Structures are given as structure tokens and as C-alpha cells.
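In what follows, chain A forms one complex with chain B and a second complex with chain C.
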Partner chain A sequence: MADRRRVNGPGSSTLPPVYDDGELDAALRRQRAPDAIRPLYLKTGVTPSASGSAYLEIEPREGEHGSGMKLTCTVHGPRSLPRSAPFSPYMVLSTHVKFAPFATKQRRGYLRDSSEKDLSTHLETALRGALIADRWPKSGVDVVVTIIEGESTRQDAVERRVEEWDVMNVLGGCITVASAAIADAGIDCVDTVSGGVAALVASKDGKDASIVLDPVALEHESILAACCVAYLPNRDEVTNLWFKGQLPSPASCNHQSLVSRAVQASRGTHGLISASLSEAIGSTQN
Partner chain B sequence: MATDILPSLAIPGTILGPASKYASGPGTHIYGGNIVSSLLGNVNVTAPAKAPGPTKRLNKITAPSVEELSTISVIRRGRKREVLPDVGNTVLARVVRLMPKQAIVVIQQVGDTVLQTEWQGVIRVQDVRATEQDKVKIHESFKPGDIVRAQVISLGDQANYYLSTASNELGVIMATSDVGNDMVPISWKEFKDPDTGVSEPRKVAKPS
Partner chain C sequence: MAPEVGLSRSTFAKLSPHPYLLANLEPSDDSIPPARSNGRAPFEVRKPTVNLSSLSHAHGSALVRTGDTTVICGIRAETILTDHIPNYRASNTQTELADYDLLVPNIELATGSAPQFLPGGPPTTLAQTLSTKIYTLLHSSKLLRAEDLRIWHNRPAEASFADEEEGAQESEEKEGEKYVVAYWVLYIDLFFISFDGNPFDAAWAATVAALRDTKLPQARYDPDREMILCSRKNPKPLAVESMPISCTAVIFTGKETKDQPADGKFWLLADPDTLEESLCDETVTIVIDCTGGSRKILSISKHGGTVMTAKLLTSKEFLDWASKRWEDFASAITGSQ
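Moving on, here comes the complex of A and B:
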């Protein structure tokens, strides 16, 4: 008799899906200008049951199916805190970032792992600096970001271990999509926070390094350092900063210039969010 | 008033106008001397409410008060926004549980807005009515299932808003009898079942 307490495997044997990865060739090199970010698609109000929601798609390279990203964010609340929670005169924010099990080439578990918890903490810091929390006393807001498709969908990504750099782009996308969803939910913010990533990449011979915006790890020979910021453009404030990697000792590039390039990337993202949000309210009027 | 320079749509962070010329309304905040939008929506400018009658002759030198400025607010049209009960709001609440010293209620409407989430409130025995507070008995004022009009007096503790019915206009507005019929108020402290003729004690709200 079948075990009814557990989810049983299929009765017959199945084959794992095999994806055609294509060859990693020279064409898989960055063709954008160093200061160009990838095109974005942002739509708010995609989940009717949530108070606010947004969907963000970062376009893969033209003619490729490799390094795009798809993220969705739902905002629930403001709603009453559970009975056990202590009194809070301001809004209690909780963030959850989760990769879908199929988001990356390496399958993710259903439980949150440490990197997802890390991303949640970064996202919480980024949003907390933008929210006007004291307008909503005694209430809680849940921000849930699901990564439907991550950057590392290709087998090469696993082999070359670039996932640790892709997580920067994921955080940048999370910040952007969460900010749009919070605006959609009608929760007071001082500014529309947006995420931006810049990286210091080495050329093929490993000699000269240059800074690129919105890096895709697969497109570069090696990444030396990367920086992700959450930035409030109208206030010129950074709410969250994540720096990773080692800068080469001859200071051709210091930390400050990498951060300012990341800020520049997030300014670009902000232009896209504001255009998309204005379009969203413009269309509901008609 | 130069309203034409204002943007019609605002996203959080959009600068709407100088704080010296406008007052900050709902959905905005003040930063660096400017009114800045904090919500996504349409910008509204409300002219100041002019006092009727002839203006009073100035006998004192005073700074122009805030009421004389137009108020900027940002409102998302076609979308209900969640509101929170605040101190001073009149709310409608349903009684869920009675205790000797207090009644537990669930707030369902704030002003004219029906809430999406349920907020728990408590009416303490000393807040039931304004006079003879020591003679109030909770069991003779409310019954579970009654709809009560009340005023928020405090954000309260972790779980409850503190409500008061200590006013003529506040109290039970809808009640059902033991057998389940809707009752009608017959005095300031009694509801009567029109079918059975039995009357029950309540803290009755003055019909409006």
C-alpha cells in the first residue's frame, strides 16, 4: 500500500530535463558600453490579493536566453501585529527573499538557506531607510520577494562559480522591485529607493582593470570587486551598501569610485522605476 | 496660486513645492524646506478654508497661520488605501467577548472606511459612560454580537486599542435579543425585542 503521509515519487522512472546550453564562445562578451545598464521591464499590481505587488524583468542579452532575471514582489499589510508581539509605535517591517527551486541551475531547496537570509537582511536595511515607519503605528508589513529566474541559469555559471557575484545583481533587483511594490501598496516612503551594482573587472590578460555598471559575471574574465548600493536619488543618500572582493593594491581605483559608479547605476534604475510608476498611475486614470 | 508648476502625478520622493507656500497634507512630508510626496498617486491642491463673514480687524501682529496656505496631498485614485484607527476617530466595532472589567471588541470601520484587517479594541468599565462610572456593569451595557459606535482614546497596549463610549452619541447602535431578533432602543439604557416584548439593558447610543 502506498504511503499516504508523504509525497510519493512517480511510479515509473523519469528523465531529468536536459537544456541546450550552447557554447560559451567569444560572443558571450559584454557588448554594452561600460556605463550602460540592461533594459528593465517593471509592472506593478500583478498580484490582486496583495496590498501591493510588482514584477521586474531584466532583459537578457539580445539573441541569448542566458542572463536575464525575473523577480516578483508582494507586499502584505499594513496589518495588525500578532498578539505576542510587543507594542511598537512604528511599522514593523519584515522581508523575505526566496529563490524559486528552479531559479538557478543548481536547484534550490524549499527552505530558506543562509544566502537568502543574507539577502533578506540587506533588503530590510535598504527599505527601512526609505520608509516613514512612524505613520503606521502597531502594524506590520511583510515584503516577500521571489526570484523566479536567477542569473545563473546556465551550466557555465555553476562551473565557473560566478554565483557569488550574481547575488549582487539579485540584491539590486530585489531592492528595485520591492520599492515599486511598496509604492504600489501605498506605504509612505521618503523616496523611491533603487538598487545599483558596479564591479571592477579585469581584462583577459589580468592586467588592467576597469569599472563596469550592472555587471554580468559570465561576460567577464574575472571580477575583482563588486558593490551594490540602495540609493535615494532625491535625497542623495545611501541606505544600504554591500561591498565584496579585493581591490588591487596599486590604487587605480578606490572604494569611493566604485561606490559612486554603483550610485550612478542606481540613478539609471531609478529613472526606469519612476517612468514605470508614472505610467501605472496614468493608466488607471483613464 | 501658481498651481500650474505642480506635477500632476507623484511618486515617492517627488518634490511638489516649497513648504513656505503650501501646507503638507496626507501622503506628503517636508524635507529640506520642500513638500515632498511620500506616496504614489495624483497631486491635489486644496484651497484654504476661508472663514465665513467679514475678516476680523488686525489688532495683533501675527505670522500668517498654516490655515492660510493651500494644502498639497497625494491620493491614489480608484484604490482603497488601508487606514489605521487613530486617537479621536469614531469607529464601529463588534463586541466579541465580555469580561467583568472590560469588553473586547473588533474594530471594523473607521469613520466611513471599512477596514481590510481586524483590529482588536477594548472598552474598559470606566470608559462605558460619562456619569456614575462606578455603577456600570459590563454585562448590563453590551452583549457579544452588538455593534457599537465608539471613540478611540488611545493606541493602547500591544494588542488592543482603547475605546470609549462615554458620550450620548456613542454606544450600542445594533443589537439582537436572546432569541435572535433585531431589537429597537426604547430608552438610553434599554433595547426591546418587538416580537417577544422582552427588554434588555444596554448602553444605548443616541439615534442620529
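Moving on, here comes the complex of A and C:
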């Protein structure tokens, strides 16, 4: 049954365009150093009617147009819970992560799918550890992240099934942008949480494994494992840890080293959040 | 300026918005020019800015910002074979866009764009109304030509097995005949990043700007695989020559009740923000197109209230204002191309 509340288009299903000529730029390799993260652009206050908001743009690759990630986040609240809600001595946090239909290679529908719900849950745990929730009893906060543009522009991203690794990057971006928006809303936190991703990459035959920060799945032959952390730099605490993949058995690197590299990535992101927030404060004071 | 007593401006505006807006429009002191609560003159609009092609996954995109209202429009094209269109008739060359539903506009407000629009529920009444209005206007304005969305194919010259079995009927058809094998379907998705009144003008301008930016890939039919294949080279832009622009104003009567006398004083507030929209019952939207120097009115709609008369709607000032607003938008859209 089609949703009558939206414009649904033709009754039978439509197909996204299938291209038979190859990518225009075939070979892409990582240009950055293994421990360099991509440049970011962060701006707060994009939605004036919300309590707090932020826009994050992760640049694709050096000197390249398109791709990359664009996210916006709005924070509403703290506001009183509806009457029907049960009493809560803490602030009730609810998070929504939604991809825009034009965010990814395949058009996404308007209903939230399971990967978006999964991202919401991860984001919620990441933020919950940073918020001082008992200062706001009986109130609720909504954090809404909209992904305007996700990664994996290219067709072979779909073919090579590397989207699952991109989810890590998306989560890292969500954590960073939500943290900036919460700071913009002025909600008390123990620290600004920031997201970071590290991955164990290898060449096609599984040799020469090495750890890189902020991986772009398409730039590597294969990714063995990846880790996304939400990290509080000033307290040296991790609020959310997501690890997936398989480490080769004669591990020159173990789980811990991958996690610590992810932490290093989030330290880099944190520097950017602080710079952007202090810039925002500076501009309001002048 | 009177010394501040009791309430600050923002508190007064929250507590009693109606007298607040009235006091701004009708200042007690003659030396102060009448202004709206947002500092604009009654007929002053927010200047639009347009950014094109900011999305890489979409075939066309536009970001339109007027004041604190920001909307992003992404257009994605997908193909549908004519065999899969249930009511397909090859003879229909006039009403294909509407009959086969080739344009699919949808508006999403629930991105937290304003405190009242939070995700989780079904689309609000406003979002549904806006989507329908955009849909209707897309068809009624004849912005797009159906021929841009057709994908042609040459029927192969050699006779297939089916022809031999079914007899003369098909083999009579001209060899190498060209026919429409598929259509492009345009999914037009509008996301509000920030919402501060007048959503329709911004959404419509974003739609027009994104359509002008849209480039469809070269497509051809592969009979063996029975599917459409596209090429990355030389994408073809849609032919959008006209540029209809919507201009909205609300009517503020200064009274909170609806039963006002016919000769009552009123103000026409152009390009309203959220506060003004919430205080006014009567809205007028005019869609005009001044391409090529001549002024064409595509639609006028007026809801609620009785203040706006036919005479006023056709008055020179009102139409001149609309033309000026058209120029603002048109230069913003073409200027960013």
C-alpha cells in the first residue's frame, strides 16, 4: 500500500540509470598520509529557530569536486516532556538520523530504514555519555541529523559492496556534527564528544596490512576491519565504540591499536570543533 | 525611543504577538517609519540567494535561501519502460507527464527545520499541502516538455520470432521505426534545512532552479537485456525556458477576530516570516513569469479573509511588486549558473 500522504510517482517501480561506460576517473589512490584526516568545514547556527544547529562538510579528496559528506544537525530542547510521558529524573534524549533521498547512489525512501535506526542508536549512546542529563529533569531533547550527501558516489562502490564501511564514516560525521549542535544549543556536557574512524586496510591479496585514519573505502583495495569511536578528549573516555571486520590472526596490529588510532582521529576532529565553536563565540561577542 | 519599561521586545512579541506587530506597523511617533517586527518595510522582501549543483549524487540540485528559510532541492532521474506503465498509449503525446506521473515532487519539513517539525510522524498537513501545490504547479505551468523525458529506440529491421507467429500485423510495421521505449521519471525531493515562513516561494524557486540545473544522461535501450543503458558522456540538460516564480504576501488586519469591517485598515506584508504567518488569516500567492519582457500570470490563489479584492489583486502596485520579486529570483537563479 503506497503512502497516500506523499507523492508516490508511477505505480510500477522505476530503475536508477545503469551506466555501461566506465568511471571517468578510474584509478584512485589515497593521497593523504596514513595518519591524516580529511579537511572539514563546520558551521554552527544554520537553523536559527532551533536551539542549536550545525552543518558539517567533509571535503572529498584534495582538489576534487563533489563526493565528500554533508550533514546538518538541529537540536530542539531541552523542553518539557509531553504530559503523557512518564516521570524522568533525567533529560530524555532522542536521536534521529535520516538520509535525504538524494544523499546516496541509490535513492532512499522517506521511511527510516534499519541502517538509519542503527545509526540513531549509536549516536544516542555516543551523546548520552557526554551530556549531564541529571541537570535537566522532566525534559526532553531531540537531536535530528540529516545527511544531505553521503559518500560512495561511484558506481563501483555499490558493486564492490563497500558501502558498509562508509557507514562508519557517516557515524563519525554524525557524532561530530551533533556534538557541535549540542554545544551551540548550550546544553551542559562534560566534554565535546567527537567521532573518529580508523581502518585496517590491505592490498588485494590481504598482504601489507596497515592502519589508516579516516578511511575512504574506495581508495583502498580492501578493508579488513574498521573502528569508529566517540571520544571525550579532555577526560580520555570513549562513549561509544563500534568495531567491525576481522583481524588477520598473526596480528601485527591488534584491536587495541586500531581503537587507539581511531581515538587519534577523533582528537584531530576535536581540534576542529573547538576552533569552530570558539570562532562562533568570537563572532557573537564582536 | 521610549525608555524600556517592564518587558523587553522579545518578551512582548512572545506574550502578545498581535499588538506587537500592530505597534510596529503603526508607530505612535510619526518620526519612526512603519516597519514590521523583523525590521522590514511592509513590501520589502528577503533577498534570495541560490546555489546550484552542490550535490554530486543528484542529476540536478539547488539550494535556495531567503532570510532564515533554507531549502535544498535534489532531482534524481530514474527510468521506467513503457511496458511497465499500465495505462500507456503510444498515441498519447499531450498529457504524458500527468498521465504517467513522471514528476514526483516531495517536501520534507521534518528535519527539525523548526521546533514544530520533528521527525518521527507522518508528513504534516503543511508538508502534504506544499507537495501537492508544487505537483499541481509543475503540471499546470508546463515548465517541462515531455519530449525531454522520452527515451527513443529504433525497432530492429530484422523480423523476430514473434512476428512470424503472430502473423501480418506486426510485420506490417515499418522497419527501423522509432518509438518511445521508456521515460525518465524525475524525483524532486525538497528538504527544508531551516524554516522561517513562506515555504512555498522558496520551495518553488528551488524546484525551478534545480530543474534548470538538471542534466539527464544519454540513454539507449538494449533489447537483449531489456533495459536502459546510460552513458556518462555529454549529459543533456532539460529545456526549461520559462521561469515562473511564486510571490506570496499575507494580509494583516490588526485585529485578532475575523469579523472585521470591510473598510478596515490592513497591511500587505510581502514574504512573511513565521510570526507574521501565524497572525494572518489571508494569504495571496501569485505565480508570474516575466521571461522575455512580457508579464504572464500563471496562477493566483488567495485563501481566507475578504480584504483582498479583485481590484487590488490586479492593481499596478501589486503586479509591479510581483515583477520586481520575479527579477530578484530570476537574477539569483541565472546569476549562479
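Just so it is clear, the second predicted complex is superposed on the first by the 254 of 286 C-alpha atoms of A that agree within 3 Å, B and C clash if a C-alpha of one lies under 4 Å from a C-alpha of the other, contacts with A are read in each partner's own complex, and residues count from 1 in each chain.
We adopt the following convention: contacts are C-beta pairs under 8 Å (C-beta built on N, C-alpha and C of every residue); 3 or more make two chains touch, one makes a residue touch a chain.
Please read these numbers as outputs of a predicted model, since none were measured by experiment.
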item: Touching partner for A:T146 - first (chain B), second (chain C), both, neither; value: second
item: Partner chain(s) touched by A:P10 [first = chain B, second = chain C, both, neither]; value: second
item: Partner chain(s) touched by A:L232 [first = chain B, second = chain C, both, neither]; value: first
item: Partner chain(s) touched by A:A100 [first = chain B, second = chain C, both, neither]; value: second
item: Which superposed partner A:D188 touches (first chain B, second chain C, both, neither); value: first
item: Partner chain(s) touched by A:F87 [first = chain B, second = chain C, both, neither]; value: first
item: Touched partner set for A:G268, first chain B, second chain C, both or neither; value: neither
item: Touching partner for A:I281 - first (chain B), second (chain C), both, neither; value: first
item: Partner touching more residues of chain A, whether chain B or chain C; value: C
item: Doubly contacted residues of chain A, that is, touched by chain B and again by chain C; value: none
item: Chain C partner contacts - residues on chain A that touch it in the complex; value: 3, 5-21, 23-24, 46-50, 53, 65-68, 70, 72, 74-76, 96, 98, 100-105, 107, 110, 112, 142, 144, 146, 148-150, 153
item: Contact footprint of chain A on chain B as seen in their complex; value: 9, 11-15, 27, 29, 31, 36, 38-42, 76-79, 81-82, 84, 116-120, 155, 157-159
item: Chain A partner contacts - residues on chain C that touch it in the complex; value: 54-58, 61, 68, 70, 72, 74-80, 84-86, 100-102, 104-106, 108, 111-115, 118-120, 122-123, 128, 131-132, 135, 185, 187, 189, 191, 193-196, 217, 219, 227-233, 274
item: For the chain A and chain B complex, residues of the former touching the latter; value: 51, 77-81, 83, 85-89, 130, 132, 136-139, 183-184, 186, 188-192, 232-235, 273-274, 277-278, 280-282, 284-285
